[in-house]
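Shared between the two complexes below is chain A, which has chain B as its partner in the first and chain C in the second.
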Partner chain A sequence: MLSILIWLPLIGAIFVGFYPNLTAARTAALAIASATLLITLSLFFKFDPTTSGMQMEEYLPWINEIGLSYRLGVDGLSLPLLALNSFLTWIVIYGSKADIQRSRLYYALILVVSSVVAGAFVAQNLLLFILFYELELIPIYLMIAIWGGEKRTYAAMKFLIYTAISGLLILLGFFAITWLSGSSGFDYNINLEAIASIPLPTQVIILTVLLIGFGIKTPLVPLHTWLPDVYVEASPSVAILLGGVLAKLGTYGLVRFCLQLLPDAWSQLSPVLGIIATISVLYGALTAIAQTDIKRMVAYSSIGHMGYVLLACAAGTKLSLIGAVGQMVSHGLILAALFYLVGVIETKVGTRDLNALNGLLNPIRGLPLTSTLLIIGGMASAGIPGLVGFIAEFLVFQGSFTVFPILTLLCIIASGLTAVYFVILLNRTCFGKLDNATAYYPKVTWTEHTPALILVALIFFLGIQPSWLLRWSEPTTNAMVASLMIDAPSNSKIIVLSYPEAKVNQVLLP
Partner chain B sequence: MDFANLNVVLNAGVILPESIIVVSLLIALVADLVSVKTSKWLPAIAISGLLGAVTVLIWQWTNLTEPLAFVESFNGDKLSIIFRATIALSSVLTILISERYFLQSGIAISEYITILLSATLGGMFLAGADDLVMVFVALETLSISSYLLSGYAKRDPRSNEAALKYLLIGASSSAVFLYGMSLLYGLSGGYTNLHAIASRLPLGGLSLIVAMVFVIAGISFKLSAVPFHQWTPDVYEGSPTPVVAFLSIGSKVAGFALAIRFMVTVFPMVYEQWHYVFVVLAIFSMILGNVVAIAQTSMKRMLAYSSIGQAGFVILGMAIGTEAGYASMVFYMLVYLFMNMGAFGCVILFSLKTGTDQISEYSGLYQKDPLLTLCLSVCLLSLGGIPPLAGFFGKIYIFWAGWQAQAYGLVILALAMSVVSIYYYIRVVKMMVVKEPQEMSDSVKNYPINPTWTADGMKPLQVAIVVTLVFTGVAGIASNPIFTLANQSVHDTPFLSASIQNQALKVELLKQLADQEPVSQLPALEPTIQE
Partner chain C sequence: MNFSQILFESAWLIPCYPLVGAITSVIWFPAITRLSGPRPSGYVNAITTLLAFLHGVIALSASWSQPPLQLSFKWLQVADLNLTCPIEISSLTIAATVLITGLNFLAQFYAIGYMEMDWGWARFFALLALFEAGMCALVLCNSLFFSYIILEILTLGTYLLVGLWFNQPLVVTGARDAFLTKRVGDLVLLMGVVALLPLAGTWDFDQLALWAQNSNVDPNVITLVSLALIAGPMGKCAQFPLHLWLDEAMEAPLPSTILRASVVVPAGAWILIKLEPILSLSSFAMSFMVVIGSISAVGGALIAMAQIDVKRALSYLVSSYMGLIFIAVGTAQVESGLLLILTYAVAIALLFMSVGTVFWNSITQNLTQLSGLWSRRPMSGLAFLAGAAGLCAFPPLGGFWALLKLCNGLWSDNPVLVGLVLIVNGLTAFSLTRVFCLIFGGNPKEMAQRSPEVNQFMMLPAMTLMGFVLHLPLILQSLDFLPQWVNLNKDVALLLIWSTIFGISISSVIYLGKSIPKPVQFPLKGLQDLLANDFYTPKIYRQTVVFTVAVISQIAFWIDRYIFDGLGNLFGLLTIFSGEVLKYSTFGKTQAYLLTTVIGIAVILAMNI
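Showing the complex of A and B:
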């Protein structure tokens, strides 16, 4: 079942890329993406949300000499992310034009990325994860470099080098974990006892290496320098993939391979991580305020939102970890909506400059529906109640407050700052008086509206009905918290408050 | 002595593969003389001879009971079989990619084939040589043929320059190697068999170290390991491209076969010292090869430096000295054969069509020649270690073997250098794939249809490119058989597995002793372990 998620898009990509005289590349890609999305959704019916372990496991021996095996599995952490991946792939393909330059290569690469990311989320072998993680490098590089903006070659190379270095560090970390825990292969069957027997200073070093690796991908301040260039230079659809899906590889790695594999070291480092997270959040919010390019603004907002995830993981309470999973998904949806709308505005108006944009909400000559959706997206990102962003951030803050009161307060302030820059953005672009002399914008068609409408509808729906988002992950994250508590009993400085199940449910389902 | 007895002593069946190549070489020589018509068949004769040799080698893999031949001067163990097969295959692919090249340059191919076959023979004998005389004769057969090959385009001044440079540096390095061997001959009291020498050498001392250093210098020249690499870029740039392909693969594989056999057999007494030297060679080669490759503008020069860097990775496998280390080396050589040969095949095809090998001239190629773009991209990315191509698995195997042997620093350096290598390989891919139609280079704009795939000598090139492409693409995913092959070749080779066991034992004993006695007592242990 899980293999289909990897192989269907991959075979589809080969078909789209190599089938002779294929004209309808977009249609073919869309059909494949729809099929993948349906299969992913069907996973939710098969998935048992009451247990915490891996489900629907698949295993094939591969290369024993290097401990590589084809072992797949899904749990409450990876399931929502898988769904996010399939969904955003569909959105990206649907939102792209059929007559885009070199369309066959474009759609083939999107499908490859989708397949590879799905592979990384379900891989239960460390080397298999690395394989998928590095495999995504070249397609994304090509997508940035071919369909990007003006400085695309520079941005693509920057992305390539940063990601290659992060892959290197993660590989080193995996080597170290596997070798020091004395296991013969790289299979991810959490042999926590063997790992816990590694001396704590060594564990901390390994964790630091892994953190830098995944931190580059996420990205966390101060490893974020590639992000603004890459997100801005990439075309909107590639930016959606980058920010919505690929950045989740970083946060997924933080939870799956850092927190879950090295809980002792994680508890040791968690105050530092909390501080880094807070810096990321503040930095993202403050720099976003200073931007005049709306795409760059959204890009910086992404840094801040990824900081919430790290804060929640560092706090490591039941509530905060559910919040982290929620934040990953909600950030993916909101960022996708924002990037998509920014892309629409750029193609219709021809600029992303805040000083040039004005009055797009004008019902006759502006882009009223696009602006409305942009406003909702901005509200969601700023954490206005009733939208999915609020749920996730609220859970993160409530869960982290008991552990890091000051840091959480700072993050709440930063979340207020998020509202500030979105007000700036919306005020300049949507409101005000439209310049009648220049405002002859082409109409936005319904096809172009559809992806954003679907995304916004989902943002609304999950904001009102958050249990649909969160109930899959609860047992998994609870088990993670339990392992954090068992392995870090006395020497840890964090006081982990265990919320009774009832209270979690009470918060989630009022 | 009658023939049957003679054959029992000589055990000539072991060199049946080489005999087949000799026969095909002779047939090729005669066929060239007979008429113009028959000389057309030369490549086919050579290839069938080489493939016949490979077939026999495959048969020998399981069925050879007594690998020692010619009074123990030639060893047909599994390690030598796998290296000899690799050399023969590299020669097959070289012939495939060179037919059209020489046809178009207006140079006769007949002598080329015979010289290339001699070089292959030299390499194959070198891979199994167990005797100083044998080693030297085989090495010189390979070297002299290589000098001739690199100067084969005799009207091209650059080819002449390359041949002269190669000859001068090669001759001096042979002299150094020979001097090292003469020291070994003297130190052992007049023996030429490697095992006999090893058991009679003194346990240490300056003369042994000097001999070791000289031998390593001679071998490193063949491996073009830094700092013995200075000839590589110039020779690679000037020589005909197919010859470069052979030098960078066949000749290097022979060098590695020699390195393993010679160092492991003869120098167990100075095990730490020669390992130390190889670690240094690996570090220098990886850094210099990969860093300097960034700055190259000519494709051939870039591949030259990249081959130095790749050799560094392989030397790393050797410097580790564990079973997995040697096996990863064998595995990497096999994979490297196909991916590097594929890259050279594509470079040749491009230069046949456009007459240039500047990297900047590749820009926008995807529009004119998708197959070439795909194949060159796959081969280069595989060289850079991008999954799921074959090179990724080769590198992971080497790195994991190194990590298991606790060579942490080396592995970290190698990983960093493989990131650097991704940078310069992707530059070429970027040129070909990313550039817009309006950024197309002049040579690509005027990209000729001729020679088409049906032209004379183009079919073999196409076959070579497709075979290497398929292997590079699939060998990574379906690499279990190759892993098994590489492991068996190390595990079933007596001298290698004995050395590995000895080392493991030594480490263990040292560890036990370190627990019991003060460290100063340790050197006394060495003689007891050697036996």
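Showing the complex of A and C:
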């Protein structure tokens, strides 16, 4: 079952890429992406959300000599991210033009990315993960370099170098873990006790190496410097894949390998991680305020939102880890919506400059629906309740508060700064007076509206019914917390009480 | 089970009607508008509001003889956090929804006339309905967390509603400032909400009150939490120093202003009243509330006197009266606070309706350009008078009783605050009389030459509300809500009446009398400028908070560009540079390479020996 998620898009990519005289590349890719999405959704029915271990495992021995095996599985952490991957792939393919340059290569590469990322999320072997993690570089590099903006070669090279270094460090960390713990293979279910027996200082060093590796991918300040250039120069579709899905590989790695494999060292480093997270959050928000290019603004906002995930993981409470998973998915959806809408605005209006944009909410000559969706997307990112961004951020805050009171409060302040730059963005693009001379923009067709509409609908739905988002992960994250030993600071004056059961006379509603 | 009982038990449906209306309005965006015009969206919302109102009224009649009904909706159960939304259906909460939906219906009816020429109907009415649904849900829900959620959604609503006429630059900045100022309050409230759960273990107001009674929590912690909790209502109620947004929100269309001033702003006070049991744990927080309330009450009343924009002259009175409610809650007089909210809400709604009819067809809302409308607009004038009398302590109308009750409670412990209330009342009477004299008194000026009474869509709700304001004391009397005359301090009553008369008479002498040259100038030019410019608050904000954030963000961006990215690029440059340098070492002579190898081997051998 899980293999299909890897092989169907891959075979599809080969088909789309190499089938002679294929004219309808988009249609074919869309069909494959739809099938993958349906299979991913069917996983939710098969998945048992009450247990914490790996499910639907598959195993094939591959190269036993070096400990590489084809072992797949899915748990409450990877399932939502798998779904996000399949869904955003579908959105990206649907949202791309059929007559894009070199369309067959383009759609084939998207499918390859989808396949490889799914592989990374389901891999249960460290080497297999690295394999997928590194493979994903090639299609993304090509997509940035071929369909990117003006400085695309610079951006693509920057992305390649940074991510390659990230992969190298992660590989180093994995080797260290396996050899020092004396394990025979690279499977995830290697002996956790053996890892725990590595001396703590060594563990901390390994963790630091892994953290830098995944920190580049996520990205965390100060390892983020590739992100603005790459997100901005990439075409909107690639930016959605990068920010919506690939950045999640970084946070997934943080949870799966750093937190889960090295819980002792993680507990040791958690105050430092909390501080780095808070700096990321504040830094992302502040730099976003200074931007005049809306795409760059959204790109910087992404840095801040990834910081929340790290804060939650550093705090390591049951609530905060669920919040972290929720934040990964919600950030993926919201960022995809924002990048998509920014892309629509750029193609229709011809600029991304805040100083040139104006009054797009105008119902006759502007882009009213696009602007409305942009307002909702921006507000979701700023954490307005009723939208999915709020509940994830709130769980992060509430979960982290007992461990890091001050840092959490700083992050709440930063979420206010998020509102500042989104208000700047919305005020300049959607509000204001439309320029009479230039304002006859091409109409946005319904096909172009659809991806954003679906994303916004999902943002609304998961905001109102968050249990659909969160219930899959709870046993998994609880099990992770059980292995952690992060204490609330002893000098903190906050006394944690157990939550008493509601004593309200409950009347059943009709 | 009879009909009214069913409606009572299903009172949680009240917020759903306007919500349905708001969602329905989406179809008028914008495709159907070309076929049907925008007006049906307004009618749909007016009807759903009316349904909600009728539901509330019938449920209210059934609620008197019953204990409150507690319901709960399960929302989210995750890890050790159980988010269940408790709902309290009692005569108080239903009465509050009736007030909200009633005022909303009048405002929407009014908007049908007022927005006649507008094209943004669907958006406008949907947002009004969103507010209505939010407010009704707010009074019904009994949990701090869900109240916070609703307040935050309404903050977004304010942004969109103020930004309705987004073509105008002032509207855009107004919407921005309204959103950000309220958001500041909301986020500090969120900090309080997050911090409260580990302490109290619950967010339900009832259980919080229980917890507050028998908890021995660290006084410093609870003071900090209380201050954070106060910040939310401070932002909502436009208290100093977060009052700026209300002034800027006056750029929104007038019907939304009616609603904002009469019910949206008091929503913050409602939360404050609900939180009173916790806040009373910290005497510092209570004093803080009194201080903030006092500053806002006096400051707002003073600033209102110097405004030349009609809407702004009234809007600062909103801050001022909310300040009085802060004082009431800060001195643990919750009932006076609730009574004051009620009398204030209807009176201020009437005042805004009245001035709205004036500048709808007088084109201007500048007080210096209006005058002498009494002969042309007697009904608007009467409505204004009734609203003014209902707002300040003018017996026997509502404001008098509410302020009397408040002063009566303050008399024994805080006589200074009684003096403060008297001053605020006097100043309010003064500025309302000033507005009245400037609009309706004297001879008509240019802008007031052609200004007939307006159409029935605006007049009808104004007159209805006027009747309600005038009869409010009778209604309250019949429900036993008025304080008993025998229990009251007659001196306070007399003082209150005197302060009103004082304000009215001085103001009429100044603004109607012939002896003082018009336009009236304060003796001190500096003071007048200070008040007219709202104590220069916008400027102060621009030069402090806004400036700081802008500078810090520029610095952060600079660091990002030149330090972090610079470092990355430096590595790249170094690599290229070293490659460039090293390439000269490849000169292509085999003998030289061989020599290097031999020397290398020799060195290694030498080291091994």
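In the analysis below, the second predicted complex is superposed on the first by the 483 of 510 C-alpha atoms of A that agree within 3 Å, B and C clash if a C-alpha of one lies under 4 Å from a C-alpha of the other, contacts with A are read in each partner's own complex, and residues count from 1 in each chain.
In this text, contacts are C-beta pairs under 8 Å (C-beta built on N, C-alpha and C of every residue); 3 or more make two chains touch, one makes a residue touch a chain.
Predicted model, so just to flag it, every value in this text is computed and none were measured.
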item: Room on chain A for both chain B and chain C (clash or fit); value: fit
item: Contacts of A:Phe397 with chain B and chain C, given as first, second, both or neither; value: second
item: Chain B versus chain C as contact partner of A:Leu160, first or second or both or neither; value: first
item: Chain B versus chain C as contact partner of A:Trp179, first or second or both or neither; value: first
item: Broader residue contact with chain A after superposition on the shared chain, chain B or chain C; value: C
item: Contacts of A:Leu171 with chain B and chain C, given as first, second, both or neither; value: first
item: Touching partner for A:Val423 - first (chain B), second (chain C), both, neither; value: second
item: Angle at the Cα centre of chain A, taken between the Cα centres of chain B and chain C once the superposition is applied, in steps of 10 degrees; value: 160
item: First (chain B), second (chain C), both or neither touched by A:Ile384; value: second
item: Closest Cα approach, chain C to chain B, once both complexes are overlaid on chain A (Å); value: 5
item: Chain B and chain C contact sites that coincide on chain A, given as residue numbers; value: 161
item: Parts of chain A lying in touch with chain C, wherever the complex brings them together; value: 158, 161-162, 221-222, 224-226, 228-229, 283, 286-291, 317-319, 322, 359, 361-363, 368, 372, 375, 379, 384-386, 390-391, 394-395, 397-399, 401-402, 405, 408-409, 412-413, 415-417, 419-420, 423-424, 427, 430-434, 466-467, 470-471, 474, 477-478, 493-500, 502-507, 509-510
item: List of chain C residues in touch with chain A within their complex; value: 10, 12, 29-30, 33, 69-73, 75-82, 84, 86, 119, 148-150, 152-153, 155-156, 159-160, 163, 166-169, 171-173, 175-176, 179-180, 183-184, 187, 190-191, 194-195, 197-202, 204, 206-207, 217-218, 220-221, 549-550, 552-554, 556-557, 560, 564-565, 567-568, 572
item: Of all residues in chain A, those that touch chain B in their complex; value: 62-68, 127, 130-132, 134-135, 137-138, 141-142, 145-146, 153, 156-157, 160-161, 164-165, 168, 171-172, 175-176, 179
item: Of chain B, residues touching chain A in the complex; value: 324, 327, 381, 386-388, 392-393, 396-397, 399-400, 403-404, 411-412, 415-416, 418-419, 422-423, 426, 429-430, 433-434, 479-480, 483, 487
